[in-house]
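For reference, chains read A, B, C and D in written order, and residue numbers begin at 1 within each chain.
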Amino acid sequence: MLKIENLSVHYGGIHALQGVSLEVPEGKIVTLIGANGAGKSTTLKAIIGLIKTSGGSVSWNGKSLAGMPTKDIVESGIVLVPEGRRVFANLSVDENLSLGAYARKDKSAVEADRARVFKLFPRLDDRKKQKAGTLSGGEQQMLAVGRAIMTRPKLLMMDEPSLGLAPLVVKMIFDIIKEINAEGTTILLVEQNAKAALMAAHFGYVLETGRITLEGEGRQLLADDRVRKAYLGEAL
Amino acid sequence: MMLETKGATMRFGGLTAVSELNLCVEHGEIVGLIGPNGAGKTTAFNMITGVYEPTEGKVIFTGKDITGKKAHSITEAGIARTFQNIRLFSTMSVLENVLVGCAVREKPTWFNSVVRTPAYRKHDRESHKFAMELLSETGLAELAGERATSLPYGKQRRLEISRALASRPKLLLLDEPAAGMNPQESIELMEFIRRVRDRFDLTILLIEHHMQVVMGICSRMYVLDYGVTIAHGTPDEIRRDPKVIEAYLGVE
Amino acid sequence: MKTRNTVLTGLAIAIFALVLWLADKNLGGYAMRILNLSAIYVVLSLSLNLVNGFTGLFSLGCAGFMAVGAYVSALLTMSPEVKEMNFFLEPLAPWLARLTLPFALALVAGGFCAALAGLVVGIPVLRLKDDYLAIATLGFSEIIRVVITNLQGLTNGAQGLKNIPKFSTTWTVWGVAALVVAFMALLTRSSYGRQLKAVRDDEIAAEAMGVNVFRVKVTSFTISSFLAGVGGALLGHMITTIDPKMFSFMLTFNILLIVVLGGNGSITGSVIASILVTVLMEALRFLDEPLNLFFFKTNGLPGLRMVVFSAMLMAVVILRQRGLMGDQELTWSGFEKAGLLPRSKKGASK
Amino acid sequence: MDLATFLQQLANAASLGSLYSLIAIGYTMVYGILRLINFAHGDIFMLGAYFAFYLIASVALPWWVAFLVAIAITSLFGIALERIAYRPLRDSPRISLMISAIGASFLIENLGVVIFGGRPKSFASIPLFDTVVRMGSVQVLSVSLFIPVITILLLVVLLFVVNRTKTGMAMRAVSTDVEAARLMAIDVNKVISYTFGIGSALAAIGGILWTMKYPQLNPLMGIMPGLKCFIAAVIGGIGNISGAVLGGFLLGFIEIMVAAFLPALTGYRDAFSFILLILVLLLKPSGLLGKKQTVKV
């Protein structure tokens, strides 16, 4: 349903993406792995219209997203949980969730979604009135995901959800990702924790210096020598 | 002992970014600092190079206490660094970037610069020569006149290292030198780092995510997680350490 | 290569001097005044460009330092009789009343006092950044003005000073302007100049490369204040009357306009823009006078000229942020590349 | 000094402080959202007063209608200013944005000189505001009593809008993180326009009340209050509405009280605020109610 062809992005003098093509089929978890600076976040930001692309196309259910403002892309059903969570620190947990539903008019469905988020993350329910900035890293990540769910996405994109989180929390986040997916939301996941990502994903792409160098099913990539050597730190 | 940190701790408000860091780096070593993002590695660098003053503890460099000194005097004392997100002087040429690095040894003043005193001219000639030498060493000599930020990513990283070397450091800190490089470039970088160490008689402390790079060139490494040193030892020891596997190499 | 450029530069200076000589002989007082005003603006815009363009500090304190230079130089050169005439409300401090120095000495003293003010202001204020720095320097400039207004016994307060000796001749102002251009060219292309630009491009990296960022900032700010003081003094000796109102934020704004128009970080840009703006400013004076456009007559609209000017600044900032020259310079090799000069034998020039 | 004079000065200080607060709020809101010192804010304050003046003097509207219309026009003017002068520069270095703001400020002032004339105009007296109120031995103009009351009412309304409404929530979101706000399908441009609209409306109210108290209009009347109120916003902690009000009152009190108790320093009155600013910036750079920020390397 999301199809990227030959996407290219320039940052100042740097050619950050050099013709990236990938596909995210409906109902699947797709992951994009690679080293720091390989262009993973850039890909996600280009999809959602936060940065300008310099070539190639992004189509969403057959419709081109080129030149669309982020607001309209989000309303069409794509959302991004940004790297480093970026919750609104001075706003309460509840307000953060309401902002997720900012553009929505269907009040009762919004409340249903809020209940669903609290069911997924009971800890957020306990801290409803608290300022988001006072939450722990793991709770902020939950809030960022919850806030994204409030936009009612068909495609949920996540940028480094495990960043700086304790192993136990990472495991929980990945369980939630699988749960959300099981409820019918398609997921595009960017991760430096290659192992966890590939274990959870149906399909994976490896990005190196702005180019896709490998692709395949998650478990298949996990077994690939090149991936094991470069991203899993295994001396072979 | 080249560098030693004794219980160096950095707190921001309630958050402890690095706690009780005890690094020891011997002359001529290449030592790695690894850990998940947000583990406090860059903060450790910032404490050593004087960007932050440690909340507690000491930083000792070649036997002298440099805790709390200003960043520029630490560079003068002989520690140079590169940055995680490249910080070149964007409006200057490649050569000029390196010349700024050289200046710490010339100590120019506005007066001798304008008057072009004989001493200034001598320093200036020497710096130009040394800068060009460095650029040929790092394979950037042909690009000397180009704007620094027009270079491709990998070359910008090399330029940043050249600029750091221009200050004639004894200890070089590299913050993720292989970030944004593909495996082939990373291998070249490893060789480059080794060569640079031998050629300039350096000691190197580096932060890196590319496991292949770290394991390949470091004689020892420290692993940080949540600001706490959870392990240190040779690459082989680290690879087998269950705590490291859990924290860093990913969950099963 | 180098010799050719030196010869060309020498030739250009000689031609310019000749033009000045001819102008001085043939043009009327009004035209010469405008030409000489341009020279003073060259000094002032380079002073601001050193801080804003080359060191990347957004300072809005220019007018205050100009005021210091103008008052010091005026008070040191006026004759005891003129001083007595000026200070009729409250007599001037006696040690100053009898002191009269040669112009050159007074000019330098004006610069030094402004530099001293710059140093005193700079040390606390340069710890701030960006817009905070801008507003704090603007604040200090206003404080200097308020102090001058209130120090009746030293500055004659709001009445200002009249009959300042008219020392700013064509040769003086253009001589000083030439010196300042040379100074800036030498400074910005030196090792120290690279430190200034390093601070502008990335403070953290500069500090990490061993540049004492704070000291560089204070030095640049102090030198800039010196130049502003000299420019202010020249201005005083040209129009022969000064008062605190003259040194308001409006004056800083005029200079900022020149720097932005010429290009932040370009010496030649500032020189060209100084002349352009000064001449245009006069040429547009008709806007303030009654208009008679055949069908349509207006009464004088004082202020229309400044409307046009503010609109120009905004247009430049919005449409061409880099100004005329960006941070580039007009160079002989640039002319060569543009095909305006015959190609030299040896390859690239530097 | 006797008690009566002190109370008299206190009333003066309260109304001056209130006026400063009203203008300072506009600075703080715009800075919070765009990280821009809106140099032209003082001139918007001036425009508000002039619009009201012309609507009464030339269009002959009843004063309260004129005030409401003037506030609305000024508010639209603020929105237009952001569109024309600031929006095209949003991705440019902050210095360019600030130069554009300075340019806009001068443009408005000079246009004011051309259109309104450089000579000061005086506001016709409105009895409701011009009555002298006596309380014991203290005499104040009624407007001096209205000003603090109106300011407090407006502050309550504003805090309600910012903290309790959806638009207010979006404003707070945009001022914390523009990019994340975009990801929430918030129309950032619209939110910025609202901010300018509200800030300009408050400036207009401030301008009108100012001329009720000091009934002289001139095109450059916005410069000094503008600068001082920016200072008030910084002192209180820029980006923080309550901080702006605190800063405004503080400045008003210091100015009036120093002039009252130390008459020898009256000539330096305009310098007080700048000295206070520099002290605060050096001692607590984030302002009295501001939060500390660390630089990321």
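Some notes on this structure:
The rule is simple: contacts are C-beta pairs under 8 Å (C-beta built on N, C-alpha and C of every residue); 3 or more make two chains touch, one makes a residue touch a chain.
The structure presented is a predicted model; accordingly, all values stated were derived computationally and were not measured.
Listed by label, the chains that touch subunit B and also subunit D are A, C.
The interface holding more C-beta pairs in contact, when A-D is weighed against B-C, is B-C. When chain centres are defined as mean Cα coordinates, A lies farthest from subunit C. Subunit A and subunit D have CA centres that are 42 Å apart. Centre-to-centre separation of subunit B and subunit C, using mean CA positions: 42 Å. Here the spacing of subunit A and subunit B, counted between their Cα centres, is 32 Å. If you average the Cα atoms of subunit A and of subunit C, the two centres end up 54 Å apart. Counting only residues that touch two or more partner chains, subunit B has 51, 83. Residues of subunit D found to touch two or more other chains are 297.
Contacts from subunit A toward subunit B in the complex involve residues 12-15, 35-38, 137, 160, 163-164, 166-167, 170-171, 174, 192-196, 199, 208-209, 213, 226, 229-235.
Every residue of subunit D that touches subunit C in the complex is listed here, in rising order: 35-37, 85, 88-89, 92, 94-96, 98-100, 102-104, 106-107, 110-111, 113-114, 118, 223, 227, 230-231, 234, 267-268, 270-271, 274-275, 277-278, 281-282, 285, 295, 297. Of all the residues in subunit B, the ones that touch subunit C in their complex are 49, 51, 70-72, 75-76, 80-81, 83, 87-92, 96, 99-101, 103-104, 106, 108-110, 113-114, 116, 120, 123-124, 127, 145, 163-164, 166-167. Touching subunit A in their complex are the following residues of subunit D: 166, 169-170, 172-173, 176-177, 179-188.
By the touch criterion given at the top, residues 36-39, 147, 149-154, 156, 176, 178-183, 185, 209-212, 215, 226, 239, 246-252 of subunit B touch subunit A in their complex.
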